[in-house]
Structure formats: structure tokens, C-alpha cells
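Next come two complexes built around chain A: one with chain B, the other with chain C.
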Partner chain A sequence: MAQTDSQGLAKILIEQEQQLVAEWMANLMSTSSSAAGDVRLADQCTHLLRSLRQAVLTGQTRNIQGGEWAEVRQLLTEICYTRARQGATPRETAIFVFALKQALFSRLRESVADPALLAAQTLLVSNVLDELGLFTIEVYQKGREEVIARQQQEMLELSTPVVQLWDDILALPLIGTLDSARTQVVMESLLQKIVETGASIAIVDITGVPTVDTLVAQHLLKTVAAARLMGADCIISGIRPQIAQTIVHLGVDLEDVVTKATLADAFAVALRKSGAAITRAATAR
Partner chain B sequence: MERIPILRMGRLLLVTIQVDMHDQLALALQDDLTNRIVRDRANGVLIDISALDVVDSFIGRMISNIAAMARVLDARTVVVGMRPAVAITLVELGLELPGVRTALNVERGMALLQSENE
Partner chain C sequence: MVLSTGVVLSTGTITITEERVVPLRSSEDVVRLRQVVREQAVALKFSLVDQTKVVTAASELARNTVIYGKGGDAHVSLLLNGGKHGLRLRFVDQGPGIADVELAMKDGYTSGGGLGLGLGGAKRLSDDIKIVTGPAGTSISITKWKPF
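And then the complex of A and B:
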């Protein structure tokens, strides 16, 4: 029974391909704005329909995860990835598949006279296309997750610059919350820079850190301790009044670390420690 | 028996650890070093660990112990040449070597000791 159903469906897919594509595209144009702008839409529809036909001909319509559906899945994956990257919503992506349903239903109604057969074939089409629709959602989700992961990685690299302020003074302006993954990156880049430049003083500026809780404080202290093991003194600067209050309320011990309110103060201390001084030139006004 | 060489430079002693430490070697080093501090009337000890890729809790404790012993004998200890990866590992292990002075390289370490003893 399932075999004859899929045979019948395949026959419609072959014989009425032109009408199907036309109707499908018409449906897409009317429902989805992003699809309308895609010049390759007709191409995509035709391709997908043909590979769908191949898959239906094998009779394996229960499970679209099988090898028979590999080509359909690959085509859909490509289409969804492009859509996701262009910023289409998951709804729009899924509609690409669901729009075919309407087209197929009306074709079926015209070509199949027997009510029982029509019902069976309608069910079959509905099942297959639902599965494919769900598949597009999954792919869309995966595409988005990849985008997020890439952005996180980029942010991680962007947000940890180590700046050389003076011969042996480094500054580490921290922006954003410090979690353990970022602390690791921050620590590594700071220590690496200490080795490269031979700096003996590092200023960790936390002006851009929105909140300091016990965990962030612990991460800061770890960074300071690691820098000390490399023979560099650390100064923590950019402590805002609220953060000073939180630190004390939380009972975080910053006794062993030199702390300054602003980066300028910290820089002045660092210069004095390294034996340098900045003076105003006599001629300058 | 294998021993870690101790070099004298004026009133400073320079120890370069280049092999994997084990109990016997560490005990021998503590013994040798304390003897040399007394014999050479040293007032500073430089421990160079730039050749070590891995510093575990054992070596960490040994370094702390040596520093403490040297302090009792009125000599200052500076650990020099620690690698970034080693520093991160030690901090993650919670071994922050309290009471041990550190410097980036031998030159800096020596300058640190000399400025203190002046």
C-alpha cells in the first residue's frame, strides 16, 4: 500500500513538475518576503522537487533520515544555511517547504479520483513535508548556533588586548564580564606579553567590567598571582565606587594587591616604581 | 649520584634546575643549598626554573621550603624564569608560592637581590 502510494505520488511529481514549481513559487511569493528576493528560487525549487521525486520513488517515505533522502537533506541544508545567514526567520525558512504542501494537495485533488486513495496520498505528502519542515528548523537552528559560536570566539579575541604603555609597563583594559574561559585567555595573553616585552609592572584596568562578584574577584586575583609568579607586579585600576562597596561587602581580600581608582593614578605609581617620571616641559603652555 | 649544581656569584648563589625533580634530588638540593649558604655566607639565592616545562605541587612545595630555609639563614630567595604555562598551572593548583620573590629572568632577579642588599 505504502509502495503504491509513493508510486502514485512520484508519478504526479514527474508529470506535473512544471505546474508544481509554478504553484509552489506563487505560494512562496505571497507568504514570504525574503524568498521573493532570491533570484535562484526557481532553480532551488526545481532541484529540490527532482531529488524529492528520487527519494519518493525508493518507497522509503517513513523516515527521511535514511540514505535515500541524503540528496534532499543536503539541498535543504544548503538552502537553509543561506537563508539563516541572510537573517531569515525560522518561520520563513520552514515556509519554503510548507508552501509545497499546498501545491501538492491541489495537484493531488485534481489527479486522484478515488477518495480513499486521495486520503492516503494526502497523508503521505503531509507526513513527508512535515518531516522536511522540521528538518529545516533543525538546520536553521544549527546554522544560528554556529554564528553565535563564531561571534563568541571573535569577542573573546577582541576583548583581551594587552597594551604596552611604557618600556616595562603593560596595561590590560578589561571590558565585559570575566568568566573562567575569558580569564584563561586574558591570563595567557598577559603572561605571553610579559615574556615578550620583559615588563615588570602590569596594570589591570577594570573600568569596563560591569560587576565584580566573588567569582570575578577570584579570577582577578588569579591573574595577579600568575603575573607575580612571572616576576611582574600588578596594579588593579578603574575601581568604581559601587564596585569598591561590593568588594568590601563580599569580603573579598584585596589587601596584597595595589589598587587605584583610575588608570592615570595606576600609571603614575607604575612610572615611579620603574624609576621614570613625567614632567611638564618648561616651554609648554 | 646526580646533583643539581650550585654556582656562586659574589654573595649570591645560582641554582639552575634543568632535570626532572624527584624526592632524592630535592632533598639533596636542600641539603647542599643550606650548607652552601652557610659556607659561602650568601645573602641571596636565585632559582632558575626556565628549563622546566612542568612544575607540579611537589616542586612548588620544594621551592617554598627552600625559600623558607634560606630566610632562616638570612638569605633572600628569588625564583626566576617561570614560563607562562607553568605560572597558570601553579595558580590553578592554588600554589601561589607565598613568601617567594619572583623575577622574569636571571638578570632581573639579580638586580632585585642586589637592590635589597644595598
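And then the complex of A and C:
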């Protein structure tokens, strides 16, 4: 029974391909604005319909995870990725598949006279296309996650600039949460810059770090120790009053570290240490 | 995240007016929890120092849940005691448990590579800490009240 159902469906997919594509596209145009702008839409629909027919012909319609459906999944994945990148919503992405379901239903109604057969085939189409619809949502989700992961990675690289304030004075203004991956990058770029510039003082500014817990403190202490090994002294600046209190309650020992409330204070100390001084120019007005 | 509003539970005079559950599986979850706790502390109009304290305590216990408890959940509850508002955070995991609580609370003790200050710190940063632990898991809850 299941075999003949899928044979029957495959037959419709072959014989009524053009009507199906036309109806499918019409459905898409009326529901989804992003699909309407895609010039490759007709190609995509025809292509997907043909690989769908191949998959249906194998009779394996209960499960779309198998090898019979590999090409369908591949095509859908490409389409979803493109859509996700263009900013389509998950709804718009899934509608691509569900619009075909409507087109197939109307073809079935016209072509299948026997009510029992019509019911069986409608069920078959429903099951398969619901599965494919769910599949597009999963793929869409994965696509978005990859975009986010890439943006996060870009931010990691963007937000850890080590700047040279003076001949041998570096500053590292930290902004954001210090998860371990990022802290690693930060620490390495600071040490690298110390080597490159031969700096003797590095100011690590934590004004932009919302929470200083034991993990952050440990990272700071490690950075200070590593910098010291490379011949540079560290000053930690930007310790806001509430952070200072919290650090004390945590019991973190920053005794061996020079700390300053602001980056400006730290810079003044650093200049003094390196033998430079800032004086106001006594220019005549 | 489960969010239920309304009166969930009454224990004595303390009423829990709202509870949400935040899953803790990764370090990103710890960041998310900190945001949730900060939002709640701000909503309760905690002072900046108290906000920072409770968020930091949450960060410590959440990370322990992820690292040593092999993941779990944080239950964030708003408390009302008479006219007094507070925040309770309960961290639950099904990990191996803490073999020696007294030792674990000692500053400087760590079985991993930490500073060993998280548990003691969380205690000092909050008004109250309760630890229930055994081979089937650990539950640690802290409370922070807003001073009148």
C-alpha cells in the first residue's frame, strides 16, 4: 500500500511538474516577500521537485534522514542558508516548503478520484512535507548560530586592541565579559606587544568589565605575572568602587599589583616610572 | 527558561513571588545568568554595590555548577518578607557532590585550578548561604536582602 502511494505521488510529481512549480511559486509570492525577489526561485523549485520525486520513488517516505533523501536535504540546506543570510525569518524559510504542500494538495484533489487513495496520498504528502518543513527550521537555526559564532569571533579580535600610550607604555582597555577564550586572546596579544615594543609598563584597564569574579581575577593575576616575566610591570586601572568592594569580599589578594582608580591615574604613574613627566606649558596668553 | 509568576511558595513569613530557572551548561550560560540576576537586582532597586555583590556571587556558584557539578540549573527567586524584598539564588546539580564542605569553604582550597575563593566569596557577598550536598548532587542557595 505504502509503495503504491509513493508511486502514485511520484507520478503526479512527474506529470504535473509545470503546474506544480507554477502553483508553488504563486503560493510563495503571495505569502513571502523575500522569496518574491529571488530570481533563482523557479530553478530552485524545479530542482527540488525533481530530487523530491527521486526520493519518493525509492518508497522510503517515512524517514527523510536516510541516504535516499540526501539530495533533497542538500538542496534545502543551500536554500535555507541563502535565505538566513539574506535575513529571512524562520517562518519565511519554512513557508518555502509549506507552499509546496498546498500546491500538492490541490493537484491531488484534481487528479485522484478515489477518496481512500486521496486520503492516503494526502497523508503521505503531509508527513513528508512536515518533516521537510521541520528540517528547514533546524537548518535555518544552525545557519543563524554560525553567523552569531562568526560575529562573536570577529568581536574577539576587534575588541582586544593593545595601544601604545608612550614610548614604553602600553595600555589594554578591556571591554565586556572575560570568558576564557577571549581572555586567552587578550593575554597573548598583550605579551606579544610587550615583546614587539620592548615596553616596560603595561596598563590593564578594566573599566569596561562588568563583573570581576575569581576567574577574571585569576586571569588578571596570571597576565601580571607573565608580563613581569617578560620584563614589564603591570598596572591595573579602572577599578570602580563597587568592584573594589567585591574583590575584597572575594578575598582576592591584589597586594602585589599596582592598582589605580582610573586610566589617567595609571598613566601618570607609568610616566613617572619611566622617567617622563607632564608639565603645563607656561605659554603667555 | 521557565517563568512562573504569582505566589509559588510560602515558607513562614517569606513569600516567593516569582521564580525562574536558568539552565547552566556552559560558560555562556554563566554570562546569561549574570545578566538575569543583574536585571532582577536592578528591578528590586538594589544599590550598585549590592547588585555587583549578588551578581558576582551568582557568577561564582554558577561556574562551580558548570565545572564541578557537570552542569545544572539556577533558580532565581524574588522574595518578600513583610515589606522587605530579597533575591534568592539556588544552584542545583546532579554532580558528584562536595566531599568535605568545610574544606571546600576554606579560602584557597581548590580541587581544580582555581583560586579556591568562590565558595567563601559567595558566602561573604551574600546574607545567607545554605549548602546541601551528597553523592547525588549539590544544592547551594544564597539570599540577598535589600536593606530598608
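One rule holds for everything that comes next: the second predicted complex is superposed on the first by the 279 of 285 C-alpha atoms of A that agree within 3 Å, B and C clash if a C-alpha of one lies under 4 Å from a C-alpha of the other, contacts with A are read in each partner's own complex, and residues count from 1 in each chain.
Rule of thumb we're sticking to: a contact is a pair of C-beta atoms (placed from the backbone, for glycine too) under 8 Å apart; a residue touches a chain by one contact, two chains touch by 3 or more.
Model, not experiment: these values are computed from the prediction.
Superposition of the two complexes onto chain A shows chain B and chain C fitting side by side, with no clash. Looking at the shared chain after the overlay, A:Gln164 reaches neither chain B nor chain C. In the superposed model, A:Gln192 makes contact with chain B only, not with chain C. Within the superposed three-chain model, A:Ser30 lies out of touch with both chain B and chain C [touch as defined at top].
Once chain A of one complex is fitted onto chain A of the other, the partner contacts of A:Thr211 are limited to chain C, with no touch recorded for chain B.
By the touch criterion defined above, A:Gly251 reaches chain C but does not reach chain B.
In the superposed pair of complexes, A:Arg228 makes contact with chain B only, with no contact to chain C. After superposing the two complexes on chain A, the angle subtended at the C-alpha centre of chain A by the centres of chain B and chain C comes to 70 degrees, rounded to the nearest 10.
Once the two complexes are overlaid on the shared chain, A:Ser200 sits against chain B while remaining clear of chain C.
The gap separating chain B from chain C in the superposed three-chain model is 7 Å, by closest C-alpha atoms. Those residues of chain A lying in contact with chain B across their complex are 184, 187-188, 191-192, 194-195, 198, 200, 222, 225-232. Those residues of chain A whose C-beta lies close enough to touch chain C in the complex are 177, 179-180, 210-215, 217-218, 241-243, 245-246, 249-252. Every residue of chain B that touches chain A in the complex is listed here, in rising order: 79-80, 82-84, 86-88, 90-92, 96-97, 102-105, 108-109. By the touch criterion stated above, chain C contacts chain A in their complex at residues 27-28, 31, 34, 38, 48-49, 51-53, 55-56, 59-60, 63, 107, 114-115, 117-118, 120-121, 124-125.
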